[in-house]
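We call the chains A, B and C, going by the order they appear; numbering starts again at 1 in every chain.
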Amino acid sequence: MTSHRISAEADPVRPGADRPLTIVVDGEPVTGTAGQTLAGVLLGAGRREWRTTSGGGAPRGVFCGIGVCFDCLVEVNGLRDVRACLRRAQDGDVVVRQGPDRAGAQEADR
Amino acid sequence: MNGVRGRHVVVVGAGPAGLAAARAAADAGARVTLLDAADGLGGQYWRHLPQARPAAREQVLHHRWDTYRELSAAVREHPAVTVRASAQVWSLDRLDDGVRLHVLVGEPDDAGRAPLALAPDALVLATGAHDRTLPFPGWQLPGVYSAGAAQALAKGERVAVGRRVVVAGAGPFLLPVASSLLRTGAAVLGVHEASRAGALARWLDRPWELAAVPGKAAELAGYVAELARHRVPWRAGEAVVAAHGDGQVEAVTIARLDARWAPVPGTERVVAADAVAVSHGFTPRLELAVAAGCALTPGRFVVVDRAQATSVPGVWAAGEVTGIGGADAALAEGAVAGAAAAGADPAPSAVRARDRARGFTARIEAAHGVRGGWVRWLRDDTVVCRCEETTYGRLREVADLTASRETRSVKLTSRAGLGPCQARMCGRTVEELLGAMDPGGPGVDRRPVVVPVRLGDLAALPDAPELPPTPATTGDPT
Amino acid sequence: MSTGVSGGAAADVVVVGAGIVGAACARALARAGTRVTVLDRGAAASATSAHGEGNLLVSDKGPGPELDLALVSLRRWTVLAGELADELGPRFPSVEHEPKGGLVVVASEPGLAGLRELAAGQRAAGVEAVEVTGEQARELEPDLAPGVLGGVHYPQDAQVQPVVATEALLASARRAGAVVRTGVEVTGGLRGADGRLVGVTTSAGDLAAGAVVVAAGPWSGEVARRLGAWVPVRPRRGTVLVTTPMSQRVHHKVYDGDYFAATQSAGAELQTSAVVESTRGGTVLIGSSREQVGFDDRPRAEVLAHMARRAVAVFPFLAQTNVMRSYLGFRPYMPDHLPVIGADPELPGLWFATGHEGAGVGLAPATGDLVAAALLGADPAVDPRPYAADRPTLSALRPDVSDAQAAQVTCASGTTEKAHEGVRP
């Protein structure tokens, strides 16, 4: 696991008690901590990519981390185009991978 | 308190500049509305854990944490300040007699957010900046982050982006990023600063200027000591020129750069790493300033006078939108702008602090400003536009085929800059590659829709809200 | 040729404006062997042509000369798209010519009756216009609002990517010898001893020419004034919203029945209607608005809200989609809703190809052909008289000499004198 949540014991900020939460990502449960963004939950659980680009079908996750690059877009509870780096996770959130978004267009280009 | 009592000042952005502006305006007698898109105060500089995750020693991650605590408490407790968090300004109407802000209040990117319209007597733009990362082969791989992302995830999430991390780019910001990464427990393999030692020596040309900026020299010295303690090499005149990996980063190529930032052939070395944090400077967030019609400098920052007033009557600006100067400059500029927006004379101490900090701004640009040789590390298949995946080769090819060097045309023919980020990531780069800099104009930074808005939320906006002349707020969320 | 080009002229024809209409004129003229120079004070394909949707429509035009021109021009586009692709090669960006068809929908019985009446007239003029029930409309566009009662399907409607289309026409014109000079502003006219326009003065020096074609869109009135002439083109502002990319598609160009009324109106007040279509990039473009506010380029959220309401009424699913961009531009509006294509009635050497309002992309090929035919004395593909600059509906508006403003005109000899707008020879 590359990206990860810092373990409470080792964390110099001395965190208080965490309130765990679980979201469902493409059908799989992923656990995180209340107060984390969706990106924080995903990265904390070792997932670094959760979107497929429109044109090239390449994997993407967080790049800018502050809501500017739109690489981290996910569908949340049926609503597309939510920036995972900004949206706080809620227990039970259903997150679905976005993309590629040009199926129809590729047909037209044929 | 020497301002115009009851004047309504809206401050956009609750980072150091915005917080300082809100307090100064309220202290001068204004009625203040402080807006920020985030659900807490502090901006990117004081990005911190949310209320749901209290920590006993959060200050170990921050500089000037006491300043933040004091400022945020002051604005929250001030009876004349209304703090509106989760309030995203999505549009600004420039009217003949002022501006009108259109705000949506609610969860980021949600549908059904509550509309709010504000027609302030004075507006302070403290919208800050975001990292600028120059493209390089492989920069689109998961595991490559902007330095700001690595920092935000460390401070706001307590997430480590990797276990073996390379930090690269340009500017003093790389130092706190490396420090934050160390405090996630990651191994920082190196900090690679593109500017060469010779350019950086200018930092020391006039040490009294640096010393005159309170805390700045000590802060930087602290980072340097911390890196040394962790045996993190800091290398000047080097860059990450490629990232490699199958579906995510597994290694990077680091090369020496010449004074123009062109890679020196034969100096490349490959380093195994599972994450990279790269930034080459900052891009101001200009959407609202451009919409308001504010004049811009040739380098595209908001032009302000000694009172932080922009070229547009009724609009002031402070912080990184006026030049990348760091938190000290932002705090001082905010204090000046807030007082001036309230109709008061800024405190002489704030003016002096601002003037001192400005020297630092110029110094950062002189030492770390992007040099044109970086394009030499691009390959034809290097992605320039992350959204539309337009490559460097395609961009040049389309510009040649259409004999066009104009960004609007090349955007629409190459698709670079047309995706969801609306050229926030690649716009400056595309302009630079095309040689289409639009000096003094907004260039790629004209974005009348400041952030994406659900069409249903647009449809649900109340018809042109009738705004009373003063005090001037309507459209409270219902 | 009929232009009376002198041997020493730097160009046979100067085209003012590197938008879609200027590009089409330049290509038609250059391919006919004329030496063409295109001038634009800004960049190519960056003003009106870059701020629309690339409509190629017959559906929004009532029977009459504009529809006649559109029918010819849309057929031309079908051929032209292939010609440009063949000529410019596979690496040139695609003009994205999509004969997707238009679907006009209405949600009220009176609206449906009005639309059917319009369609009957269009059919008589040669338009394919197929009446559809609400159910049939939803078969064509499954995401249409349940309240849609019916509409008319127009298979001839199509779309191109207007910036690529303009650049492609310019690239083709260049290959035929045309010269395109951007960042060069026309400041006045060069006059021969007989008063004839024999070139232009510009920010980059004088340029002699046998003929000057003004194709400057909404700025044509100002260019004409500088040349000592008059054309009543006015800017009519429009706004387009762009969503983020999505896999969901709107298969046709779909608009509500009020769009026709808006295009035909002369009102200065804000008018909006829903015009919805997908692009190859996966985005959905949402128009449209019409405002007469001069060249005021300050966006207003209120306009976006009006357009959003219209679009959501037609396609409820759009309420959930994100608008990531809006842009606004200025259509070249004519008071009698017809373009001006042809010679200026008072100043020999001056020609117009302007005033297409929102239809310039669709009408550009036929306009270019008409201009080339007129300048070169060839037979036109359509009767040019309805578009003439001296048609009665324009002559009635022509200002008298007495209230004309001074224009800057330079005699070919180099001396400067005051000329007057609208001076009759």
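Annotations for the structure displayed:
Criterion: contacts are C-beta pairs under 8 Å (C-beta built on N, C-alpha and C of every residue); 3 or more make two chains touch, one makes a residue touch a chain.
The shown structure was predicted, so the numbers you read here are calculated from the model rather than taken from an experiment.
Interchain contacts join each chain to each other chain, per the touch definition above. Chain pairs A-B and B-C differ in how many C-beta pairs they share in contact, with the greater number at A-B.
Chain centres here are Cα means. That of chain A falls 45 Å from that of chain C. Distance between chain centres (mean CA atoms), chain A to chain B: 22 Å. Spacing of chain B relative to chain C, judged by their CA centroids, is 40 angstrom. Counting partner chains per residue, chain B has residues 109, 111, 388, 419-420, 452 touching two or more of them.
Each of residues 54, 79, 81 in chain A touches at least two other chains. Looking at chain C, residues 244-245, 281, 320-322 sit in touch with two or more other chains. Those residues of chain B lying in contact with chain C across their complex are 91, 93-95, 100, 102, 109, 111, 291, 293, 388, 397-398, 401-404, 406, 408-409, 412-415, 418-420, 422, 447-449, 452-456, 458-459, 461, 463-464.
Note for the complex: chain B touches chain A at residues 37-39, 44, 49-58, 60-61, 107-111, 130-131, 140, 142-146, 148-153, 156-163, 183-185, 247-248, 274-275, 386-389, 419-421, 424-425, 451-452.
Interface residues of chain C facing chain A in the complex, by the touch rule stated above, are 94, 98, 244-247, 249, 278-282, 320-322. For chain A in complex with chain C, the touching residues are 54, 79-81, 100-105, 108-109. By the touch rule above, chain C contacts chain B in their complex via residues 42-46, 50, 88, 91-93, 161, 163-164, 167, 170-171, 174, 180, 182, 241, 243-245, 281, 283, 286, 298-302, 304-305, 307-309, 311-312, 318-328.
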